[in-house]
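Below, each structure is written out as structure tokens.
Look at the two complexes coming up: subunit A is in both, with subunit B in one and subunit C in the other.
For the complex of A and B:
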């Protein structure tokens, strides 16, 4: 940079900070970046967080369920003051056909006691709360600024180039928390871009509804929340799920489908969402609710197999950008927060040592493996997506199970034994014995 | 009826306009952040999955011109079009800082 360029930076017009050198640069103000920024700033590191949205959260959406314990590792007791929606005391799983549903669920007051297990959230509010915490810790957040390029010198990451005039910023360590579209990490050659078999497109609608009506329909007390995960018909048997979560005065209804399967049919994500809204089990729950916002996002489904090398000289990757999502358990924000925190701790350590090489930053992965369930969990489910793709888990079985339930619950002139035989015959008609055996064996190997 | 593959059902996305109406955007009038690299590739692309998989109906196939029309102002910045294109035929980036979709709830 020339002298004149430096002098121009920091005017109100550019909105860039007066200085150009920091101890740490964090790209992206989602849960991963805000956790990383908070932890770095608390340790006294000069920290800048760069976010492309007008404010943190305005580009982001999730279901979304926020898990308290991992979040509290960075922001202790946040749940006592943060803008949360409802404390989840009931979680349901629905297996659905076009017009019927098998319901399972677990409800317990224990989930609201002590450190409550999880809350429903809306990202615009909660991301801004986390951003306030990062700022209170001393981090500088620059909004409305897109990082276009990661700057390197002799194989070492040394800073970032933003879209602003004279917007280069330097630091010996950069934490990339850019989310699911890994533009910067791909450009660095740290991973390959997403492919349709490891990305799910998701759409969601926020539907406004009076709190009293929500509480009545879902059997909740004030402040209590319920979640429903839906499998089978909502994704037409394709690999994916749908969800309905209760917020304070709205519902979040959405679904996601793996792109490789979805690309085979002409329907749009919006079509599937509309279909879901008309489902006889869903329609009465959202009746009268007013559309407040529609949104879309990708979920990285590559898991352990697609996890990039998490570090390089002067750089670490956290959150969705590093594929740290456990789709099966709708966990992503917790892994984002824990990976952001761990990357920050590694950056602090590197500053103490005055060494930002990949050898030192490599402790990030090791630390993450030792202190968080993230890597072990992703490893455990590394075969799950492939299993679901190769077995008719969400197509043949939901319909079969629903049919069996209907037979057993219908009282007519057949004996129960006759009904059982019919169910077995029907099962074998829909799925051959060796197919079932293969589903069971491969399922065992993939999930246990 | 022709034997062409169904790109999108005729009544697809019914009501999507109402949905998009709830979304707040800060449109970058000067730049589109989305572009197709090679229009010829689109002509030969059978299913044109970017059209049906876009949650915001940003793409439309113009039969006469044989090109993809891109209504980038409606983009929700999910990345689906880029990932689903079988020919890596997108020049895809996020809008300039501060522009594009601005969710109220998320």
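For the complex of A and C:
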């Protein structure tokens, strides 16, 4: 943490005012930052959004499912014009062993009616669309610029220092939407340094494939999409999931595993992804698809327990930087957008009051709790990650369930009752009764 | 004050471009657009002249509407004014038609504010022709100085410019009369990071967009119609032959050297026989 006096910056040569001042500074042009920037700019606040990447979205990654209703709270009816991939009408859950799979899923045309529920997206395209909306609202986006430091005066955040020459910029309120590795938030002492047990490392390939082939393989009509979440073997029973999403003319195939569990095995995330591509249930779906992009990113998994203080004097934290991700339901961008929007509303309120203290900015957390499901959902699953870490739920049970299915579906000379007994015996061999009973109770308490 | 115009082109970032193996054309889809690197160095060179002598810098480009991004980038590098020639009539232009339209733009700029020096990059990385800069000079009837690696002196009073040119076997120092056209190579300078105030100024800057109606041009010389060049074939350069490793050098170096000498003699003889 660095205390910096508000200093005059001489830039007379360029005819600029001596000190770069805005009403709001947003650090990071991801979903949280762009939502915050859009809402602030619409309210007439002089807003600057500072982004590290060449363009918004170029340094970002998600699976990517974007939920329509939360997004539309900031950009109404965006789905009618935004560069979206496919409207998701079918969502599948696969429980997998090395060569077999138990499939569950739900498909309904309702998901495409009225306000469609969600879409698959590619971040480079959608983030740049959101950035255009923020700029249209009047926000100024500065790309290729890293924020090195938060400037403080007497315990109040008053601006940021960028890596560029004459790089100090001031505002009475700063919204940190800096993403999963929140160095500024940590430097302010508002969050602990990122630990391997609160982040998942996720890798993903974008595999190019003709739209007609995608639609045929996944049983989709034009513009419709399907998602598959995969549990068990793809992550070798480690805490994490794999996913396969249909884009317009590509597939997104990837997997994420808790960093601390990954550190215990010799294989790389890339190895696991290649293994998944060879899985007999996955290989036919991606056959002939050409790898177009490969990317990797961290995803926050700390949840409610690792949520930082969301506000301080002159500062608010939004999106991944605030750990606002519900990994179990693969929700992140929706919480990012809602938190960015709520932080912006609080900033507008603070400008009206002329008071940027933690007392006023503290309404951010309260507002978020009252108006969005974010905090309640994170609270509900606050024990889920801990429960699943090194837990048989992702290793023993998928194999057991697959074995049980295979027994029941194989027709031979055994009676069905004999088969049921064998399944129970096998289950007890693989997991002791008290173990199973405890899994049920512990699991119940962790998820309900 | 010295009036400089820099001609720039927005190009696909060729470090991220792949070649379609069937058509041998560039796959431009999804490839980010950048300022042609040689042109960025020309802009940086102009900024250095501005810092040294005081100058007014105008950036001129021709391209689709999204090429304003390239102009804004140059504004962040110190340009005072940016103009984009953008019109369907300009589309499909070869180097002949491009230099025609750019020259018309330059003439208008010269009429409006004066013009002592035009700076261009040596060539664009998506076409590699290196013809537009010289084409502009010829159309303006100005001296052209290509392959500049340094501009040690500009004497506005005397109306001269001194330029160091990169030649294959050395450096040539040329003094020319202003106004002149200079095309630069990358070694003329290192690109500098723009300051935050410059970034903000560029982000707020709205480049002017001129159509063919804003220029004194004849429609028949514009775009595809005005382009005498036809591309008959595009092909990647041939792959270099794979090298050959002569093994066993560590155990018996004399034998390995002998083998190498034999091979070289064979090759020379084969070459002589062919001739």
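Operating definition for what follows: the second predicted complex is superposed on the first by the 428 of 448 C-alpha atoms of A that agree within 3 Å, B and C clash if a C-alpha of one lies under 4 Å from a C-alpha of the other, contacts with A are read in each partner's own complex, and residues count from 1 in each chain.
In this text, contacts are C-beta pairs under 8 Å (C-beta built on N, C-alpha and C of every residue); 3 or more make two chains touch, one makes a residue touch a chain.
Source: prediction; values computed, not measured.
Overlay on subunit A: subunit B and subunit C fit together in the combined arrangement. Of the two partner chains, subunit B is the only one that A:60 touches; subunit C does not reach it.
By the touch criterion defined above, A:274 reaches subunit B but does not reach subunit C. Once chain A of one complex is fitted onto chain A of the other, the partner contacts of A:48 are limited to subunit C, with no touch recorded for subunit B. After overlaying the two complexes on the shared chain, residue contacts for A:20 are found with subunit C alone; subunit B is out of touch. Which of subunit B and subunit C touches more residues of subunit A is settled by the count: it is B.
Across the overlaid pair of complexes, the angle with its corner at the CA centre of subunit A and arms to subunit B and subunit C is 60°, in steps of 10.
Judged by the touch definition given at the top, the superposed model places A:166 against subunit C, while subunit B stays out of reach. Of the two partner chains placed around the shared chain by superposition, subunit B and subunit C are both touched by A:145. In the superposition on chain A, A:298 contacts subunit B only, with no contact to subunit C. Figure legend note: subunit B and subunit C, brought together by superposition on chain A, show a least Cα distance of 5 Å. With the contact threshold set out at the top, residues 54, 58, 124, 144-145, 162, 164 of subunit A are in contact with subunit B in one structure and with subunit C in the other. Across the interface of their complex, subunit C is touched by residues 11, 14, 16, 20, 48, 54-55, 58, 124, 140-142, 144-145, 162, 164-169 of subunit A.
The touching residues of subunit A, when paired with subunit B in their complex, are 52-54, 57-62, 122-125, 127, 143-146, 162-164, 180-181, 183, 193-196, 199, 201-203, 205-206, 250, 259, 262-263, 266-271, 274, 291-298. Looking at the complex, you find that subunit B touches subunit A at residues 6-9, 12-16, 18-20, 22-23, 26, 47, 49, 52-57, 76-80, 82-84, 93-98, 100-106. Residue ranges of subunit C in contact with subunit A, taken from their complex: 30, 32, 193-201, 203-204.
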